[in-house]
C-alpha cells in the first residue's frame, strides 16, 4: 500500500488509485493497452488517465501530487532537471524506430519544394510544436549531420495538428511533425527530408514516464509495481502492433485508415541512456538549458 | 499625497502579505516572492524589453485600436436597428462563445502565422465588450434627446457624432475599459501560437522550461502593464467624459 | 426568426468556401461534412457527457463569478474610499490571463472541476465587476438624492436605487461573463485535460479529425447562442422599464 | 397651414391601454399664434409630438402646408416639456444652441450672432460656456427656448415653455415670443397651463377636454394685436376671455361641455 | 424650528465659480408654512438642498430643531424641481409612493391606505400600476407630490411642485397642501414662481434677491387662516400683498432694494 497524500488513495482491498498525466497521442498507446489487458490491475493499481496538452499541465500536476505519474519527452525532463524540479523517471516511454525514413516523426516539405535535403533547411522557416524543445534540437542535429548550418533556421511554433495546413498554405517552408499528422502530410503529397530522431542518436529514447521525487522516496513499492506494469505494457505493445492500432481508436479520434497507415514508434523497456546523454549534449549546445548542464544520472531511475 | 496613498496602499499590503506568506516556500511552483523579485530584475532587462515587450505592445495597440473602431461601428449599427440586431446577433453570439485558442487554427488558415494573425486574435477577443456595450449604450439613449435631434433636423453623421455617440459614451467607455485587459490577455494567448518573440511567448516559454520565478515575474510585469495602460485609459476617459463625471459628481460632492 | 437567417447565412458560407476551392477542404471542411461528423457524435453518450461536464463547469463558475462580481462591485462602487483604495489592485490583477494561472490551478486542483472553476471564475469575475462599477456610477444624482432625502438606509439605497440603475450594465456584464466563462471552461479542458467539450476538441485536434473538431467548435458556439437567447429573454422581462427595452414593446 | 384631422392616439403597452387622443380636429393658419390649454394628462404633449412627426398617430392625420407629416418637417423647432432632458449634457450651453444652426448650414458668423442674441434675449448672457446641468431649472428651460428662437423656425411648437421661470422672466419671455412671431411670421402652437398667458399670447385659444380628448372649445382672442403686459392684462375684455377659458377648463375637468359663451368662435 | 444663518454656497467646477447663495438668514417656526420666491437662478433650489442636508454649504449653517443639519433629517419629505428624474422609472406609480413608507416601517395595511389616499388626493386614482414614464409631465409631478403627502412628513420642502399642472388642478393641490399642513402641523417651505400662489398659500413670503443672493424682503401674510380659492383671492388685502411681492421681485431682478412697503414684516 501507499502512504501519504502523494501516493493516491488506497482503498480497503489495498488497490491504489493512480492518476497518470498523459498526452492523448500515439506515444502512450501502451499504457492504454496495458490497462485494457489488466497489467495494472494485476498489480493492484487502478489507473485513471488524465490528459493534458503538454508538460505545462502535467509536470505541475505530478509535482503537486495531483497525479502520481506523468509522461513527458526527455528534453523537457532534462530541462526540468536543470531547474531542480523534484521529479524522477520511472520507465521508458517511447523510442524512435531508428530507421531512416521510417520513423514516427520527420521533417516534411511540400512535394515541389526546393528543399531536397536537411542541409537545405538552413535559413528556412521550419515549424515545431514547441520551441526550445526536443523538436528543434533534433532537427538542428539533422541539418548538422547533412552538412548544413543550423544557426539561422527560423523555427516557429505551430501545433502538430495545424502543421499540415501551415505547410500547404505556404506559411512555413518545412514542418516537423509526428504521427498522426505525419501520415496526413504524406497523404497530402508531402516529401520527407529528415528523420530527425534517427539523426540525433541511434534508437533515441524520446519520452519517459516519471514521478515526483517525493513519491519515489515514500512509496517505492507503488513505483515498482507501476514500473513493472508499464514495462509489461511496453513489451506487449511492441509485440502487438495491430492491437496498438486498435487501442488508438479508444482514446483518440484518428480515423481508421490513418490508424492502419501510420508508422508506430518503438517501445523498448530500457531507457537508452546514451541517447539521453546525447539529447542533453544537444540541448546544452543549442542553449536550451540556459547554460546549465543537466545531470542525467539524477533524472534516470 | 492622499491619492498616492490610495493607489499604493492596498498593493503594498498585498505584496507584503505575499512576501511574508511565501518566504521560505518549498513549493516548486510557488517560490518565495523574494526569489521572484530577484529574477524580475535579472529577467526584464532593457534588452529584453526591446525584443519582447515592444513587439507585443505594438500588436496590442494595433489590435485594441482596431477592436475599438470595429466594436463601436458595428455596435452602433446593430444598436440603432432592431432588425439588423435580430439578424446578426446570433451569429455574433456564436463566434463570441468560441474560445480564441481553438479559433486560432482557423484564423491561421486565412491570415497566416505572422503579426496579422496575432492582431486578429486580439481583435477577435476584445471586440466583444466594446460591441455589446455600444449596442446597449445606443439602445438606452434618452428618447427625449433623440426626439430633440429629430425635431431640429439633426440627422445623419451629426446625429451620430453629436448625439448618439456622446449619449452612449459612458457605456462605451465601460466596454473599452473591459477590452483593454482582455486585449492584454489575448496578446498572451496569441503568442502561444506560432510566435517567436513577445511577452506572452516569453512567459509561456518560462512556464514550459520550468523557470518558475521568471514566469511569475512575467505575470507581475503583465499586471504592471495592465495597471499602466489603465492609468492612461483613465486619463483619456477623464477628458472625454468630463461632462459626464461632472454631471454625476456635481450634486453628489459639492 | 431573423436570427436563423443570419446563422443560415454562416452555414452556407462555410459550405461554399471549401467547395469553391477558396480554402482547402482538408482544413476547413464544408458544412455538410461537419454536420455529418456532428450527427455521428450526437448519438454517443460520451458526447453528452462532455457537454454536461462543460456546462457544469460553466454554470457553477458563472454563478460564483457573477455573485462575487455584483457584491464586490456594488460594495466598491458605493463606497468611494473602497473604490479609491482598490482601483490600482483591480487594474493590476485584471490583465493577468487565466491561462498564465494554469500551473497554479493544476497545482491546487489537478484536473478536477476545481481547476476549471478557478480559471473560469478568475476570468469572468472581472467582466462583471467592471460593468457593475460603471453601472453604479451611472446612478442619476436626483434619484439618489430622492432616496437620501427619504432617509433610505444603505441597503435600501442599494436595493432600490443602485441596483436597478446598474442592472442594464450588469446584464451586459453577465452576457460577457457567460461567454468568457464558456471560453475559459473549454480552454481549461483543452489545456489541462479536465473532462468536457474542450478535451474532446483537443483529442479531435491532435488526432487530425478535422470535421469532428469543427463540429465540436460549432457546438460550443451554439451553446453560446442559446445562452444569449436565454439572457435576452430574461432581460426583456426584468428591464421592461428601461429606455432600451421600452421602445421594443410594440407601442 | 397646419391641419389636424380626426387625430387619434392610443398608447398600448402590455395590458395597459390609454386613449390619449380620441378625435381631434382643428387648424392653425400659417403665421398664426394659437395657444392650447387643457387639463393635465389630456394629451397635449401627445398632440404636439404627433404634429412634430415624432409619434405616429393611431388614426387620423396631420398635414402641414398640405403635405402629410410623417417625420419632423423642415423648419420646425420644438421646446419640449422635459426641457432638462432635451438639452445635451455633453455640450456647453452655446453648443446646445448652436448645433441645430450648424445643421441648417448657417455660416459661422451668422451663427455666432444668432446664438448670442438668443441667449441674451432669454437673459442668459454670460453662461455660454457652462454645461446645462450647471444651471438652475429655469435657466435650463431658457436655454431650450433660446435654441428654438435662434433657429428662426417657420413652425414653432412650445410645450409649457415657461413653467419653470419666475413671473417677471415669464412676462419678458412672453413678449419675446410675440416679437419673434411678429418679426418672422412663424406659425406658433403654444401649450400652457397659465390661462392668462394663453389669452395674452394667442390669437386663438384651443381648449381640450379631459381624457378621452376632443376639442372642448375654441375662442378667438379679439384683443388688439399690439399687446403689453400692463395694459392688455388690465383690459376688461381680457378678463372676460380668461374667465371664459377658466370656466371651460373647469368644465373639462368635470367632463362637461358648457354652452358656448359670447366669446366662442 | 428651522434656522438658516449666514448660509453661503459657492459652486466650483474647474474654472467656473458661481456664488449661488451669498448670505442668507431667516427662520421658519415649527408648523409654519413659508413660501419662497425669487428670480430664476437665484439659488432657491440650492437653498432647499442645503436645508435637506443634501448639499454641504460653503459657509454658515442650517439648524433644524436646534441640531445642525448634516444629512437629511428624519421626517423630511422633499418634492424636487426635477420631478421626472426623482421618480424611479423601474417602479410602478404605487411602488414609487409606497417605497418611502416601507422605509419608515409602516404596516402594510396602513401603507395601502396612505398610498391610495394620496394618489386619490392628487387625482391619479387608476394609474397605480403604470410606470412613471407612461404618464404626462403633470401626472409625474403629481406622483412626486403624492409621495411626499403619503409620507406624512414633519418637514416638507417643495420646489415648484405645481409647475406642470393646469390651473384647476393647481388650485386643488394648493388646498391639499394647506389641508395637510393644518392637519399634521407640518413645517412647510414652499418654492414657487406664482406670486398669487405664494400669497394664497403662505403664512409668510420670503423673497430672495437675484444673484448674489440675500433675503430681499419678507412679508407676513395677514389673511385669515381659513382660505378658499374664491374669496381669498378676491380679498383686497390679497391684491395688496401680491402687488407688493411682485414689485419686490421686479426690483430683485433689477438688482435694487426697494423701500419697505406697508406689508413688510
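All chains are identified by letter, namely A, B, C, D and E, in their written order; residue positions are counted from 1 within each chain.
What we mean here is this: a residue touches a chain if its C-beta (ideal position, glycine included) is under 8 Å from a C-beta of that chain, and two chains touch if they have at least 3 such contacts.
For clarity, every value in this text was computed on a predicted model and none was experimentally measured.
Chains that touch both subunit A and subunit B are the following: C. With B-C and A-C as the two chain pairs, more C-beta contacts join B-C. Computed from the mean C-alpha positions, the centre of subunit B lies at a distance of 49 Å from the centre of subunit D. Averaging Cα coordinates per chain places subunit A and subunit E 83 Å apart.
Touching of two or more other chains is recorded for residues 27, 29, 105, 109, 142, 192, 207, 212, 246-247, 250-251 of subunit B.
In subunit D, 11, 13, 82, 85, 134 are the positions where the chain touches two or more neighbouring chains simultaneously. Shown for subunit C are the residues that touch two or more other chains, namely 27, 102-103, 107, 142, 145, 190-191, 205, 242, 246.
Listing the residues of subunit A that touch subunit C in their complex gives 19, 21, 23-25, 50-53, 56-57, 60-61, 63-64, 66-67, 159-161, 164-165, 168-169, 180-181, 183-184, 188, 251-255, 258.
Against subunit A, the residues of subunit B that register as touching in their complex are 27-29, 105, 108-109, 112-113, 192-196, 204-205, 207-212.
Within the complex, the subunit D residues that touch subunit B are 49, 52-54, 71-72, 74, 76-78, 80, 82, 85-91, 99-100, 102-104, 131, 133-134, 147, 151. Contact residues of subunit C toward subunit A in the complex are 24, 26-27, 102-103, 106-112, 190-193, 199, 202-209, 212. The touching residues of subunit B, counted against subunit D in their complex, run 142, 144-145, 147-148, 150-155, 158, 162-163, 166-167, 169, 243-244, 246-247, 250.
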